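Got a structure here, written out as structure tokens. Questions coming.
Per-chain residue numbering starts at 1, and chain names A, B, C, D, E, F, G and H are given in the order in which the chains are listed.
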């Protein structure tokens, strides 16, 4: 059963949005990917969102570019948390960011950074982990892993010197 | 019968949006003013838009601030022309402008400038005038009137000199 | 007879502006393409605009980049609807957008998004469709087609899974 | 026991941040308000965040202006969801928005709009409602209430006409 | 005989644009002030610009806000130098600045800063001074005067200390 | 004898700044190209600027990127007209534009658009043409040539149709 | 003997720049305040900067608005550290920030935030403290004081509740 | 012993940050390069910063992109000067610049320009040179060298003409 619904307005966003799928798979969180447009399929989008809780969905992740209305439109039809991902297409993604984050009072959307699909998925995992100790443990382990990786790199940089490290990076 | 539907997301936009009513009254174009939110009343908005053509509406004017989804959401439910007015609330209105103007391919919105409600109404009149010679004549007369006013002011400025003209402006 | 005049300031805008021609052809709307500059051929531009209604033109589409004055200059000479397309050249197209959309009160221009030529043409079709039921039907059909396409892709994505879908996209 | 920790970098943010308290009280969600600075009290902030889960905290709301590091610094010390509120102080709040929303991969922050404290609190309520059916019902009721209010205003506007409505607004 | 034509699109720009008149009077440079709009009086603007050289005009100063087309439209009708002044009205004047400064290749406009009317007039004086040694001497004297004033203030600040200087400023 | 001094802060700006040389050569206006930095060679820059009038220089063109101080620093040492060219290097050239155009009252710089070196040179020619009827005639002829070129292209576009015209452009 | 030279381009910056004097007095660091303009007194500025080390100056603080060249021009004449303060005047201070911070390679300026004069002075103190243990101790104590103040306020907020705290703030 | 600690949030910043190492080597200033993240290794970062003075560090250089918290977080744990380098990753580096430069009062960070790692290192050298006459002499020599290089290029440009110079640049 999908706990997270990952929605994008167009399949041209899929190369960016796939990172959400990868993170959710890594954490064994059920999800489904949908192409639904706030403007081209407004009724289908509304219908999908309203039925989603009945199918187990607890969190929405929605990515869109330009006048990125999708996360806000989803939020209009649900009281589940909606995470918006501004997808860079024009104006360095500033249009998408502002269209997503500047929601009017009453209907919140949780925005992550431009193209930050990975963080959108991690935020969904954090939210789900509130009710799932196992998931919470996996998140903590993931953080530890990241920390270890940073420190390992710093150690290798100290050991090798920056010139050799840069050469190794190119390989 | 309303030919133009003027919609705003919140009554806090009314002091700005009323200028549309004033222009439409001046041109004797039927209109109705509605408060409908893309996020707080999504279904009522959709229903209103879908029924509007049956009641005579030919053009929509929609004003909103921040993540201004209203014009785009209206456009999703109609093939009538939708004119969007970015209402300044935050970020000098840049967020509203980008949220309105950067629509994805397939579903156009006609954006006017930030808080340019008067121009939104005039654009609606221009569109309606394509099928109404009387309206077209009134538009042409309106333009002439504006021109005369500019030239009259320029004449007064030349006559009085800038110092006296400025004093007169303050009165 | 051309119903839509598509004007650009320089032939360097043609690779972007041609999308208007393609849409108008698709809808069997008569149009003509002109290169006319607000700055290099101001009189010829004015003369063309003033004579256009006599030749059947009902809507103008004008694209320009940088200090994009062309749509506003056209609007100064006509009471027909003028649709402006900000063409991206510098500053991500923000200069063109603001030069087009921020028109002073009295002379409206309908701006679409940066490089959104397709939407400019669809907006012109929407305007013309107010007086042409046939065109209106074709617009409605076009919307349906778009919707079907989005849903078909979403179906294929669900069916194939995102990895296979992405592979198929690359082909 | 506090379920939500509302943290601000300076008491000068309190007039804005108090809206979070008001929403949380309305939904009977336990919370505590803290003044903790990412830069002036970094250790106390870290210590507070690390101990917070043990005291019942499930969601953080952090507001800050300028180089708004507070939400990101909190997120560095917890795997609980962190909601960031960009507080407008300079540059129309754009600096705070970008400092909060553009987090690096791995450590998410959920950003709401500039000064959108109310939405930050509602987002926290949405997250908590995933594990609390009562809260979920109250959220749904709140949405209904908002919808009714919008429609009531639209009705009053239709009834009174915009001139009388505007006069009534001033009172 | 006017050597400088100072043109503005609307008399609402006069409180800003009058500084040009004050500088030109100070340097005894003949000028005339006109209200002419690129959009509301396009033909009168064109006619005025084309006749101006015959009446002695050598430099144009044009101020406008928003989609500030006036300087560019003037430049389209003359080979005399055109100085553009972006007048702040919306978006902190950024729209006017970009509309003025980002002219296409072939038709230059000399932009000064936002609301920098004084500098526009001084630039006109610098240009005229190339052919007028007397004017050149007055410009050099003006610069010296400015320098003396700065140094005098610095001296007073050193003498009085910043606290007393600030008190004196308030008086 | 050089009438125009074309100065750039670094030879990395030469590929952009060379367009000034080409225009000035086309108009047979004497010029010299110099690499002088406001920051790395401040004294040599000041000395050069102060001596330039004695060598015949009447107009300065200065190009710089980033914190583009060069035009303003030159203007501080001369009462001759200084034309600034913002060279795009970072932030799409916005930093250079603002650093050049936003000069304080008293010391004007005439800014052209980002990378608009050609227009900087044409502006210099317009200024010099005030005292040189021959140059003035050449400028008028140049404008006519531009106009003819635009109209010729528009004619070819009408004749060939946009598809063939685009194909011809690629060749 | 002045260790820090605090320079501003105009006495209109003094109400902002005085905060530097207050901090330097608090830390008993010798300083002098000067009004010197990069554009109106370029030679006097250069001369002052070159002589400053001989009079004991070790750090420069320079504040300016708009095309804020002062810090960069000072840096051109010294190898002492130069701290630049963007003073907000137009465009929310973004022009001043970019004009100060985007220096070309080779001549650094240390920028603080818009109007962050206090931080400029603290940065100067940090730099001087590298060679002055006493000053270093005072800085550490200042930090402790700030921390205590933040925690005291947080305590008062917890104790009084946000409503009473807000009331107390108004008094 | 390292006098300068050069810290970056991720090894992906190393290709940019290495320029700091090159400058510090050129001036024979001891330094060490570390990968430490404000968000992924907050405690290790804090611990490193607190111990750094004991190991000889006198200045920190920290580079980061996006929501660039690293320099500010370092500054929270030290009273040594912290130099921040905004690394361009998204939004042309504007997000990183604002996240670094707009620090709250009390905790300064010295920002250099976007990707201006070289200037960050030179600023560190300037600071260290206050207590090291030898270093000061080397800095003065470096400046002289830069000046000579600029003048040499200007000479070559004058000698060869711009066409040959450009050809030579391509080789």
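FYI, a residue touches a chain if its C-beta (ideal position, glycine included) is under 8 Å from a C-beta of that chain, and two chains touch if they have at least 3 such contacts.
Fair warning: this is a prediction, and the values are worked out from it, not measured in the lab.
Undergrad: Over the chains that touch one another, what is the least number of steps taking chain C to chain F?
TA: So the least number of steps between the two chains is 1.
Undergrad: Can you list every chain in contact with both chain B and chain D?
TA: Neighbours common to chain B and chain D are A.
Undergrad: Let me spell it out: compute each chain's centre from its C-alpha atoms, then which one is farthest from chain D's centre?
TA: With centres defined by C-alpha atoms, farthest from chain D sits F.
Undergrad: Have a look at E-G versus F-G and report the one with more C-beta pairs in contact.
TA: Comparing F-G with E-G, the pair joined by more C-beta contacts is F-G.
Undergrad: Where the CA atoms of chain F average out and where those of chain H average out, how many Å apart are those spots?
TA: Measuring from centre to centre gives 33 Å for this pair.
Undergrad: Between chain D and chain F, tell me the centre distance in angstrom, where each centre is the average of that chain's C-alpha atoms.
TA: Spacing between the chain centres: roughly 51 Å.
Undergrad: Using mean CA coordinates as chain centres, what's the chain B-chain F distance in Å?
TA: Computed value for the inter-centroid distance: 41 Å.
Undergrad: Could you say which residues in chain G touch two or more other chains, in rising order?
TA: 10, 37, 40, 66-67, 90-92, 94, 101-103, 106-107, 109, 113-114, 143, 146
Undergrad: What is the complete set of touching chain pairs?
TA: Listed in label order, the chain pairs in contact are A-B, A-C, A-D, A-H, B-C, B-D, B-E, C-E, C-F, D-G, D-H, E-F, E-G, F-G, F-H, G-H.
Undergrad: Under the stated contact criterion, what part of chain E meets chain B in this complex?
TA: Residues 10-11, 14-15, 18, 21, 32-37, 40-41, 44, 66-67, 90-92 of chain E touch chain B in their complex.
Undergrad: Show which residues of chain E lie in contact with chain F when the two form their complex.
TA: 58-59, 79-81, 83, 97, 101-103, 105-114, 116, 118-120, 122-123, 126-131, 136, 139-140, 143, 146
Undergrad: Name, in rising order, each residue of chain H that touches chain D in their complex.
TA: The touching residues are 9-10, 37-40, 42-43, 46, 65-67, 69, 72-73, 75-77, 90-91, 94-95, 98-104, 106-107, 109.
Undergrad: Within the complex, which stretch of chain F touches chain C?
TA: 88, 92-94, 113-115, 143, 146-147, 150-151, 153-154, 157-158, 162-163, 165-166, 169
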